[in-house]
Amino acid sequence: MQNRFKPTSRALAASAAILIAAGSAAACGGARAGDETAAAESCVDTSGDTIKVGALNSLSGTMAISETTVNDAIHLAVDEINAAGGVMDKQIELVDEDGASEPTVFAEKAEKLIREDCVASVFGGWTSASRKAMLPVFEDNDSLLYYPVQYEGLEASENIFYTGATTNQQIIPALDYLAETGVKSIYLVGSDYVFPRTANAIINAYAAAHDIEVLGEDYVQLGGVDFSTIVQQVNASGADAVFNTLNGDSNVAFFREYSNVGLTAEEMPVMSVSIAEEEVGGIGVENIEGQLAAWNYYQTVESDVNSTFVEAFKAAYGADRVTSDPMEAAYNSVYLWAATVEKAESFAVADIQANADGVSFESPEGTVVIDGDNHHVAKTARIGEIQSDGLLYTVWESEGPIEPDPFLEGYDWAADLTVTE
Amino acid sequence: MDMLVGQLLTGLSTGSILLLAALGLSLTYGQMGVINMAHGEFIMAGCYTAYVTQQVIGDAGVSLLIALPIGFLVGGLMGFILEALLIRRLYHRPLDTLLVTFGVGLILQQVARDSFGAQAVNVSVPEFLRGGVDILGTTLPKTRLFIMALAIVAVTAVTLVLRFTPAGRRIRAVVGNRDLAETAGISTRKVDAATFFIGSGLAGIAGVALTLIGSTSPTTGQSYLVDAFLVVVAGGMGRIKGAVIAAVALGTLQAVFETNSTASLAKVGVFIVIVVFLQLRPQGLFTLRTRSLA
Amino acid sequence: MNDVLLTCKNIEVSFDGFKAVDGVDLELRRGEVHFLIGPNGAGKTTLVDAITGLAKYTGSVTKDGEELRGKKIPHIARKGIGRTFQTATVFENLTVAQNLDIAAGAGRSPWSLLRRRKHLPQQVLETMERIGLADHAGTDAGILAHGQKQWLEIGMLLVGDADVLLLDEPIAGMGHEERETTGKLLHDIAADRAVAVVEHDMDFMRANASRVTVLHAGAVLAAGSVDEVSTDAKVQEVYLGTSNAAPSETAPSKGAPSKDMETADARVA
Amino acid sequence: MSAVSKFFQSKFGIWSGFAGAAVALFGIMPLLLSGFRLGLFAQFLCYAIVAVGIGLAWGRGGMLTLGQGVYFGMGAYLMAMHLKMADAEFRNGPGAVPDFMELAGIRSLPAYWAPFASPVFTIAAILILPTAFAVLLGLAVFKRRVKGAYFAILSQALAGAFAILLIGQQSLGGFNGISRFQYFFGYTINDPVNQQMLYFIVAAVLLAVVALSLQLRRSRYGELLVAVRDSEERVRFLGYDSANIKVVAYAVAALLASIAGALFVPVVGIISPASIGIVPSIMFILGVAIGGRASLLGPVIGALAVAWAQTTLSEQFPSAWTYAQGLLFIVVIALLPGGIASIPALAKRFRFKNNAEAVEATA
């Protein structure tokens, strides 16, 4: 039996080998390093009376807590714009995708939105990891991402608009505020990932130039919940203030430990940059009352635009919901995109890039203006204090919007920190 | 010197948290030889029990004390059901049990997410546990002292139950030699169910207590589970004494590593220590039965 | 014919202070079927565990002049000491031929392991004949009858060229015919090997033993031929004085073997 | 034995099976799928390569390795380091610092990065480092007879510790991981023709890996491995050192995971600790369990099915997918431990039983 089949199986093997070889040979004609490659042809359909855009947020996984709120805000903005007649007389059709809290999924879904759903632009992303994962996808396919969260700076892609704060709109104002209130020594506590590490590098440079002593710098792994050792050390250091760049559940454990050892906002205030309205509930107001946070927007910002925004949001999603900085930035990003499209009279990426500079929007946080050079947005910085109702109230704000400076080129003391691309 | 005392105290405190989380796990492993990956979710259930109790009662102090026994019942009941529905049917397939209970854990997490929201909820710390106590120059939060005390009470209670009650004797008989116990007329089925109830109930208690220091969210259990497993592995599965020693040792190790390097490296350091430790005291040898290899 | 293949001197095994085996001397000789009997807890299986490297002991076990104490299990097995277990332990998801082939190959080079088996080694084929499983070469061991599994396990020791065989209750659960066949098999394989059998079944022992060692409370109570042992006063006291203890130790699954030594079953004898 | 399974066990059957798979992978799939979907499929194939290794270690060897993410991650990071070095070298000349390091404030190249400028060194490292690590760990663990649930827990803790360690390494991109690759051994990654080439490479590797697994299963070693799984002590009492047998399977599984990780990086364009920690590692197991842990193709089919379901179902029902995952773990492992691959055999046994009863009835 076996012998009879032998020639046939050899033939089959040979044919399979040939097939593989042929396939590989056909593939070898691809571009090599240094070749000019044409970006993939855009498939965006602008002929109908609707225009597709994508919303890419984590609807499942650990980041879903935060990112679903951003998704809600994007939907709110789209609905409002559609109700007001749409963009260039086209209704916006929003395609939702789930980033599942995993960078690889973000990259995969971004590519799907661009190449299969043919969206004109995408709104979303939260973690730096997700943005870094999506960045090459948007650059390779020459499409646009609107990224709504404060981040560590040091980035400026042609294909991304950053509508959250960069470091000089959040961290530096926070340090200025602390310095103004007479803080002479600080302790740094952060989650172990890129944002806290970058932020702390900036803080160290700032402190060196402004005569502030950094008494300690500690990191816990993301999601870490044991703060006994760190809080012991913070307590023993006797610092004037703590600068907190912890993320997520770690904040809950940190502030509980902090108040449990008897530390208070009067004795040693904590300045946080990742705690917004939604997180306060989980930490427990009693553990965090009086502590400080640095953002560009709070639900309590007093302006007509904001009260309209908050009312609209509560009407759409429930009276018990709160609005926060990333939500507001995401909401703004849709409007900024729409305004840019109207100005450019085109949905094409190149036209939007060319016309973005100076596009502004009267947003809940005040006027925001796109900087055409670095694709960031001029924003007002605010320091807020957490009060007993769980909301944050502005205790200090910058005089008007601060121009974005993602590479901190305008700060002498930061010269050693940064590299320009 | 102060530094050392501080580290030891922190180690004790971290150790008692690990111990609370691992005690039930150690008991159920010793009894049935199965690893319950849903144990973390039983802890989470305890956390949410504390939350719901506090929502209903209001006063943080009273609700904490009430939540402890309720948490025990909630965790215990969940364990009882899990044992009856799944684990009993997979008795000779310990690795499969591990994976099946992981699936149960996934579902429980999602149930919590769908019923309480993905955002962490707040369980207030009662007034009498706020603030810290100075011990030898180190400030220990009262909440941690409470957890230490609770861990001691739990270990003592479990030891007493095992040693002096008829049910406890039956459990010990089954742990010692399942077949022999069966021939002696002990219903191993009932004993299994009882052990699982107690072990899972301890997870519920741990959950209630851990709301004092940590967050209450659907993924809360996960943050304790791996460390709890390591305690059980290092302590020798099913040995309460081993679990106590291992928990305290790992807690102290963690504190010392953390003070001298970073918290992230501390985790890696602890892992390496455990692998080295297993070189000296591998547990595989003790599980071998000589008469039959089946 | 009387050459000694395995010598045990003053074996002591203790668990937490309890001496399970307390100073046993034993010699296993080529050509003999040597029965180890004794009441439950006498230390029979523990003695086998000690010899095969599973239980720690003091004293000495030598084979071909090599001291085996402290050696690892695989090393002792490769020295030609094979054992079976009370519940026949074979690889249930592999066929009879595969079971035997594995047992035959403990010394194979890694390279030959990584290749496919072209044909079964001669000794595997011969052994399958010998243990009466030639017709079952392709059968999964898991679906063999109880007795067949036990024969297969013995066969696995044979193909592995073990010349000292330690069999732990080889006829447990067997019917009369199977016992008879097993008895013949034991004498057959003992021709050029030393065979030790841990057994409770007295009829089987009477029918097949060339030599008997009686263990009691971890020590040797008596040793010699069947007749010598059965007339030994101490043995009679242990067995008759506690006549319930001896047979009841055999697992219930064994059916009901005859209760005492005197009621010999004619068909087996 | 049915005619079909007999056919596929014959030499001719095996060859035609491989030829059929090759035609499907190299001929049909590229025609059927868009460039984006093909890329996605290539990603799934990477998971399938990991699954083949798990099938060997767990399905055949009984070692439930909950930490394959470690080896997947090693392969991926080693490859990512090379791609980053090559990119930086292309932009700024030899010895240049990769872009993400510049952003993290790292001015000079860490010494351990330097050798990865060499493609040969990188490929050797991808093949050797994880395997060697697995051998060392395997010897440490298996020689001391740590097994069963103990081993599973240890391997899981290893995955956890490894992910934490990586997050702390800014010179490896920390939490963000490493992304943004331009060239793959000189070829532009962002080029449709080259992307197809990448897919072909992954598919060819999968076929080769399945062939390797087949050879191991059919060899005497494969039988021995099953013997160790079913009764390790019996094997030891036959004179084998069972630890060595297990170490080989564990190391092969690690090697396959590493290769898969190395291919994953150019295909997906990012590797970060999120892809290799405890949860991703245990998710590798799910596909293998569903497909059939002990069968040859079960793990491949299961891994592809789970990845596909994850992508399509989670789009529509994010929370339902989590329930589905949990239920799959419970239902498949409790009720169908042989996975999808065991369904034909079960059906046959059922039929056979019915026939036998029918025969008995007529007799």
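In order of appearance the chains are A, B, C and D, and numbering begins at 1 in each one.
We take it that a contact is a pair of C-beta atoms (placed from the backbone, for glycine too) under 8 Å apart; a residue touches a chain by one contact, two chains touch by 3 or more.
Keep in mind that this is a model prediction, so the values were computed, not measured.
When every chain is reduced to the mean of its CA atoms, the largest separation from chain B belongs to C. Highest inter-chain contact count (C-beta pairs) belongs to A-D. Spacing of chain A relative to chain D, judged by their CA centroids, is 32 angstrom.
Measuring from the averaged C-alpha position of chain A to that of chain B gives a distance of 37 Å. Taking each chain's centre as the mean of its C-alpha atoms, chain B lies 45 Å from chain C. For chain A, residues touching at least two other chains, in rising order: 64, 192, 219, 221. Counting partner chains per residue, chain D has residues 164, 167-168, 231, 233-234, 319, 322 touching two or more of them. Looking at chain C, residues 85, 89 sit in touch with two or more other chains. Those residues of chain D lying in contact with chain B across their complex are 62, 64, 137, 140-141, 144-150, 152-154, 156-158, 160-161, 164-165, 167-168, 231, 233-234, 278, 282, 285, 289, 319, 322-323, 325-330, 333-334, 337.
Chain D meets chain A in the complex at residues 10-12, 15-16, 18-19, 22-23, 26-27, 30, 34-37, 39-40, 43, 86, 90, 99-100, 102-105, 164, 167-168, 170, 173-177, 179-183, 186-188, 190-194, 196-197, 200-201, 204, 268-270, 272, 274-275, 311, 314-315, 318-319, 321-322. Of all residues in chain D, those touching chain C in their complex are 215-216, 218-221, 223-224, 226-227, 230-231, 233-242. Residues 52, 72-75, 77-78, 82-83, 85, 89-94, 98-99, 101-103, 105-108, 112-117, 156, 160 of chain C are the ones that touch chain D when the two sit in their complex.
Taken together, the chain B residues at the contact with chain D in this complex read 29, 33-35, 86, 89-90, 93-96, 98-100, 102-107, 109-110, 113-114, 226, 229-230, 232-233, 237, 262, 264-265, 267-268, 271, 274-275, 278-279, 282-285, 287-288, 293-294.
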